[in-house]
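Across the two complexes that follow, chain A remains constant while its partner is chain B and subsequently chain C.
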Partner chain A sequence: MKTTIITACFGLFIGFACVEGQAKELTVDEIVRKANHMALYQGADGKGKVTMVIKDKQGRIRKREFNMLRKNDDNKDRDQKYYAFFQAPADVRKMVFMVHKHGALEKDDDRWLYMPSLDMVKRIAAGDKRTSFVGSDFLYEDISGRSPAEDKHELIKTTDRYYVLKNIPRKPDNVEFEYYLAHIDKKTFLPMKMEFFKKDDRLYRVIESIKVEEIQAEENGKKVAYPTVTVSLAKDMDNGSSTEMTFSNARYNIGLSSKIFTERYLRRPPRKAMR
Partner chain B sequence: MKILKNTLINFSINHYKLATLLMALFTVAMCAFFPRVEIDTDPENMLPKDEPKRVFHNETKKQFSLSETVVVGIVNERDPDGVFNPATLKRVYELTEFAKTLRWQDGERIDRLSGVIEVDMLGPSLVDHMSQGGPGEIKFEWLMSRPPETREEARAIRDKAFSNPMLKGRLFSEDCEVICIYLPLTDKHLSYRINTELNKKIEQMDGDEEYHIAGVPVAEVAIGVEMFSQMAVGSPLAMAVIFCLMLLFFRKWRLVILPMIIAMFSVMSTMGLMIALGFQVHILSSMIPIFLMCIGTVSSIHILSEFFDVYTNEKGRKETIKEVMNTLFVPILYTSLTTAAGFASLTFTPIPPAQIFGAFLSIGVMIAWLYTVIFVPAYIMMIPKRKLENFGMSARQKEDRSLLTKTLRATGNLTYNHAKPLLGVMTIVVAVAIWGTTQIRVNDNYAKRFVKSHPIRKADMALNKHLDGTYTAYLILEGRKPDKLTEKEARNISRNMVVFADQIEAEFKNAPELARGITKIIPGLAGQSRSYEDFLNSIIRHIDQRRENASDDDFYAYDELRTYIGVEKERLKVFKRPEVLEYMAALQHHMEESGLIGKTTSVVDAVCKVNQEIIDGNPENFRIPDKLQGVAECYFQFQQGHRPNDLWHMVTPDYMSANIWMQLKSGDSSDMKSAVKAVDTYFKENPPPVDLTHRWAGLHYINLVLQDKLIPTMLRSFLGSFLVVFIMMSFLFRSLRWGLLCMVPLTITILTIYGIVGISGKDYDLPIAVLGVLALGMAVDFAIHFLQRGRGKYGETGSWKVTTAMMFGEPARAISRNVLVIAIGFLPLLVAPLVPYKTMGIMLFAIMTLSGVITLLALPALLTVAEKWFFKKVRKAASPPVKGPGKFTPSEILSEESEG
Partner chain C sequence: MRKTTNTYELLVLILFLVLMFLKPHVHAAEGNENFFPDQFAPVEIHGFLEMRAGCRTQKDSNERGRSVMEGRLQAEFFTYTDWAEFKYKGDVWGDGVTERGEYDTREAWVFSRPTESLDIKVGRQVLTWGTGDLVFLNDMFPKDWQSYFIGRDKEYLKAPSDAAKISFFTKPANIDVVYTPKFDPDRYITGEYISYWNGTQKSIAGQDKRVHSKKPDSWFQDDEVAMRVYRNINNYELALYGYRGFWKRPGGQTPSGIAIFPGLNVYGASARGQVGPGIGNIELAYYQSADDESGSDPLINNSEMRYLAGYTQDLAKDFNVSLQYYVEQLLDYSDYKASLTGGPARDRGRHVITLQLTKLLMNQNLELSLSSYYSPSDRDAYLRPNIRYKYNDKIVLEGGANIFLGEESHTFFGQFENNTNIYAAVRYSF
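Right, the complex of A and B next:
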């Protein structure tokens, strides 16, 4: 990396050198912090419609559709609330999945499940978050985000476009991977590719950001654009399956009330937020 | 015929070096293909590739992602907690972790690994556990994320495991003494390597546990290994035995080595040819060497035997061999042809390995014939004359006093003096045998192919003792979406949607009005729809259009109506319907209760288990939800675990096909048959709530398909070859009644053999089934030799009494020698560790002995009783039609007189 910077500094393209100069000041932790923010914490709140197309080894397809609401609890990129309302398949419509995510490592997330056919709310016990999310190739942790504090980070490469981070779990017993590599876009700081490895550097899982869109929003009365991953793809090499997740109708800073993210609203979804 | 005979014999005698060279060259050329040998032990290949049931089996495997699986059973019968103690569980964990690493790069493809499919592996550390956390809390976790430290923790794992009926009797035994790790393979051919690696690992592990490695792929590989050892050990052993026997009879190793050379060259040529033509060696074709070894020697033994008796120093080798070949050319050709025809009839069976076996055995027999005809005279010409001194006559004098000679003479007398009682006894034997054949039980068992001391057989016994069965068959249920839409269905949808809208009026006050609006266009939509599903889709599209620009209140009401139609659409997916699952549950229960099936597993069990845990964990909630949405939620929750894809081994993602895993405790195909029948009966007596087809898959079932084909096809091919041989015999003797007579000994032999099989309760499986056809081809040889020469001699003597005496001289001796050589020659099959080989060895020994004995008893007895009827024509026509021995040798007169 050093050589790159030196070469760049001696270059004639001042602007280019400036970008590199800026990068030089960034520590690994800063990259991680920024990436974490961009991936999960943009805006004070947000909503959108998520469509998942799960394709198995034989090319057979299953679909999932849900509306997603998110609200940050503070500006520290720590605690967050999620609310997922299922639309399809029709026979599980109205099922709701809610998370109160806690940034602190020692505090487990609170998770709830509402099952409309039984009209019953269940809490999901703390524990493993590396289970499949609705039968797709995304895991729960991929959706609500893996806390940066869970891993040790190491910048192993810088390319024209990416910072490549190697992330090694602090508690290897809790996860199925040995480490993962994250390709962070140098400009947007969005994670563009995550590669999960098992023992012997065997790549078995990849999540890629296929499409990034600038979503217009207002922040404190000013117009802003949030770069948002609208299409992403998770591939499981072991199963030979893949899931394409599309995020549409994305909106930020819509003023979601905290009370939506309570048990009471699991049974009666907030209508306005749903359309 | 004459031209063929003279050409061949003259060629052989006059150009004996060239003849030898040709034979050797062809053999060497064929041997060059040996390195290309491929072994096929795949039980699937017992059926043709396009056999519908095999095709379905493979479709099923693909549809439900089922792989061939190696099972590792860990047994602890000593610990009070069985396998659920910290030490054993630690070893189970260690072995599981080790098994995960058994993967290797797939040939040249760097991106692909082959070996154990980690995601589909089953083991205590690899399966999910769903349970109650705190009150109102549901918990998803691994059953054993790490090995327990204390006994309490180990027992807790046991209790968790017991709470999941899907694991009981499969992952662990209910007596807690066994845990199994299931290792599905990308390619079953890797099982040998995996087995070896596992055994290496197991050897390093200490502790009281016993380890068993089982599963069809392991058994297949083991059979392949034993096949090689059979061919490498069994055939040479047979050769050694035959050599010793012949040395005993002929005493001249220079002569005895001749049949050995012929047999060996025939075997090598035939196997080489088979490999050269690209056929794989299957368990049946691996027996070709031993068959040819025995059959290939027969003709040359006949020639030798005759040569031995006829040779005199005065005549010399050239004249003697000419005379002998003249006498024996026709019978040898016919015996070879009939044997070949018998084997060739196997090519008409729909069982590919039997076809290849039959085809190449018959080719091999003809190769052996050719080698015999061209090489035997050539070889004799190559023996220096002086080496034949004291051969023949003088030796024969000794022979006259031997036990064999005496016994045969006594037999001859018996058949002449007590012909009627003898035939009476045989009739009784045949009657009993016919009854016996009706008792035959068709059955095969893959595991029982191994002797009891074999590790595979031991594993099979140990695991089935504890578990609910290790033999898996799949019952595939398939539903159908209605392809037509009836007017009534369309009306029902309209009406029910309105009823639904009225029900939700309190919450969505516009719903009834909007619903009625939709019903107006429903008849139109119905008219344009090709199917029910198509119809529902068009309603949904229509609602979407209306919803688009509707007010918020209308939007939500439309959403509800849309969902209502959406659920109706889901209802077409039959395995989401509670009543269908109830039907499956009842069927499973029925099969388990009947005792035919050890354990059944299906989506029903998954749905019930999830339902129980998402409600409150109470065992009474281990049931199928009442509503389709409830079932759907269970499916949904199941997929939220660590192993969502486990669901697709039981149901297809479109929920139109379901797979009930049936575990059988026995590998007997007859038990599989009972299970198939029981399911058929159940479906007949209890019609399913929707249109459901049921079909079976799984190797265990494929084995049954083969068994079901055995009797009819083998009977057909047996009757076919019986007819062919009969026609050939009638042609040979130019007489239908002689042709028929020729069939008598083999008919009695085969009936007796199958009678014994039936009465003794020995399972009728593939090796036994092909035996009948083999026996036919081989047993007829003795009758040909006996009748051919008997007629010739009768033509000269004109009296059966005199002929009998002569027949029980040299001809009977030749037959007896042959019987002994072949029968005993097959016995080395007994050293094989595979049961089918042993069976073949014993059965062939019995068949050869019996047919020899029956030929020597039944034929002379029948001829004695019906002398006039049979010999009327012979006397008239004398000998011309049959080119038998034209002259009477002095030695035969001598032997006849000495009997006096």
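Right, the complex of A and C next:
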């Protein structure tokens, strides 16, 4: 009798646990969608200062500094506009790099570069997104995001903190990796670690989120906090270099006009980008 | 010291002072007594020190062996207030070719964005527009090919203008109007640094036989107006251009052989945007030689049509290729030929193919590039290989060459054959 009750209670308990577990059970696509949103699309717009410290194999250090403005074009986590105003090093100071990012896979991003000493607006061929961004260990795609549609996703593990996703490129010829693992924080859905593998499961590249801060902002008149990666580290095991990227003065929902992302502001940056 | 810019600098100073006196009243009226210290953002000071040396790789009886030899300091100062931005950028250098101390203000301007739809920039400024990659059709702002040919940094290809640029931003289109109150010619080849084909003398000439020119230089009479109307449609950049002024380098001569800058009007259009995996551009311009519209005056350039089509694409990782086809077509060619008094005739069309290759290596710290211009009609070419290494964030090392090839000594690039040079530079930025 006793055992029956105990069994029943146990069963009930497990049952509850299962119900609760199911309520939280997300599909792989939902995890991917949320992670993509958290990494790139929080708020309607945002700005911040990016500092990159690049350390090569010999320990030599180079720095990059730019102010970044970002605006979402829609609520679908697809099209976006980026504006980067460089402050360091000297040879790129006051250059502006602008991107109109297109979520659709078949449409290349539009990119412009403004060179102030020549007053020249250059249109840049979209090119290979998996090339280094300003000589750092971050690639273009790490900055403006790799579209979830580029990969097949598989949930391979759930730990107490992370969903671990395996991402396999749909077009392997376009990328240098075989697959990558993404550790997605279960609470915030921020990608906390990405490990890129080449053939034979050889790990050659890692991006880690070192520090996450809650950035206070307003959304439709309400106070909200956006968890934001403020320090991240990219390591390239193949060439022995690493880059620490710091995102400071982060702000969201500052009311950026889409006019900022045009030739007018390429040639003379808005105050929001200069300060 | 040369290239005095007194009148102009005085104007900027006056404008600066006027604006300063105007604005504080606004703030004083707001009860902000202590306006001054807060008003300007801290002045940003940057610049570089550079040593650059180069020599001809063959003897040129008209020029020195050294093609470039200079120690240069560039300094820039920038600040802003709530209502305007201010910039000064100037170079001083000891020039081993002219054997003088030289000075040049590259920028000295005030910029303001008074309304949602208006930008104003007044003062000495570098201006560029158009779609060409180191080929300029509708960009009638002054160039400095001399600096380019002796191997100075690419930034010096553009010479500054003393002008006011007013930009209107409206829904159907944006409009730029640039008014230059006194004609700013190109810094063209005069024989000072680079030897050239002297059409009067019918031979190559250099330092001993400099170009003597008479430049239109009356304020507000010999002025230039350039205009651009542009619009983006789905990120295809479309533009119309207009210019009223003068040929930017001598476009004629007096009967006594003094080079002159006849009147010129230019009308053109361009389009640029994504085509396939790269960026395509087309541009055309009609150069209306205002002082010789019929083409019958042998001493003044005929009108021309100029056409450009280009394409640029990343062919591999950090490897960009840009290819352009450029044509200058002489109009009223039969009149030109009939009135030619001697010397070799120009072809009706000058065709130029340009190819630029850029490859980045070593975490993008090493840049190998080649700019090349080849003219099948003139049978001449210009090659500009360059290697740049960023030793660290402050020091850049650079080496390169300017190679001129040609079968005849009167063609555009062929005339410079004896100026083929190599150069090296080190720059420290602060």
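Keep in mind that, in the parts below, the second predicted complex is superposed on the first by the 249 of 275 C-alpha atoms of A that agree within 3 Å, B and C clash if a C-alpha of one lies under 4 Å from a C-alpha of the other, contacts with A are read in each partner's own complex, and residues count from 1 in each chain.
Just so we're on the same page, a residue touches a chain if its C-beta (ideal position, glycine included) is under 8 Å from a C-beta of that chain, and two chains touch if they have at least 3 such contacts.
Worth saying up front: this structure is predicted, and the values here are computed from it rather than measured.
Shared-chain residue A:Asp108: touches chain C; no touch with chain B.
In the superposition on chain A, contact is made by A:Asp238 with chain B only, not with chain C. Once the two complexes are laid over each other on the shared chain, residue contacts for A:Ala88 go to chain B and to chain C alike.
With both structures placed on the common chain, the touch criterion links A:Lys199 to chain B but leaves chain C unconnected. Of the two partner chains, chain B and chain C are each touched by A:Asp128. In the superposition on chain A, contact of A:Leu118 is made with both chain B and chain C. In the superposition on chain A, contact of A:Lys63 is made with chain C only, not with chain B.
By the touch criterion stated above, A:His100 is placed in contact with chain C alone, chain B being left untouched. When the two complexes are laid over each other on chain A, chain A has residues 56, 60, 62, 88-91, 93, 117-118, 120-121, 123-128, 130-132, 134-135, 239, 241, 271 in contact with both chain B and chain C.
Of all residues in chain A, those touching chain C in their complex are 54, 56, 60, 62-63, 88-91, 93, 100, 108, 110, 117-121, 123-128, 130-132, 134-135, 239, 241, 259, 262-264, 268, 271, 274.
Put simply, chain A touches chain B in their complex at residues 56-58, 60-62, 88-93, 95, 113, 115-118, 120-128, 130-135, 173, 199, 202, 238-239, 241, 271-272, 275.
On the chain C side of its complex with chain A, the touching residues are 46, 48, 80, 85, 111, 113, 119, 121, 125-129, 154-155, 157-158, 167, 169, 174, 230, 232, 235, 237, 272-274, 277-279, 281, 312-314, 316-318, 320, 363-365, 390, 392-394, 396, 429-430.
Note for the complex: chain B touches chain A at residues 62-63, 65, 101, 113, 117-119, 133-134, 136-142, 145-146, 552, 555-556, 562-563, 565-567, 569-570, 576, 614-615, 625, 627-630, 632-633, 636-637, 639-642, 644-645, 647-648, 652-654.
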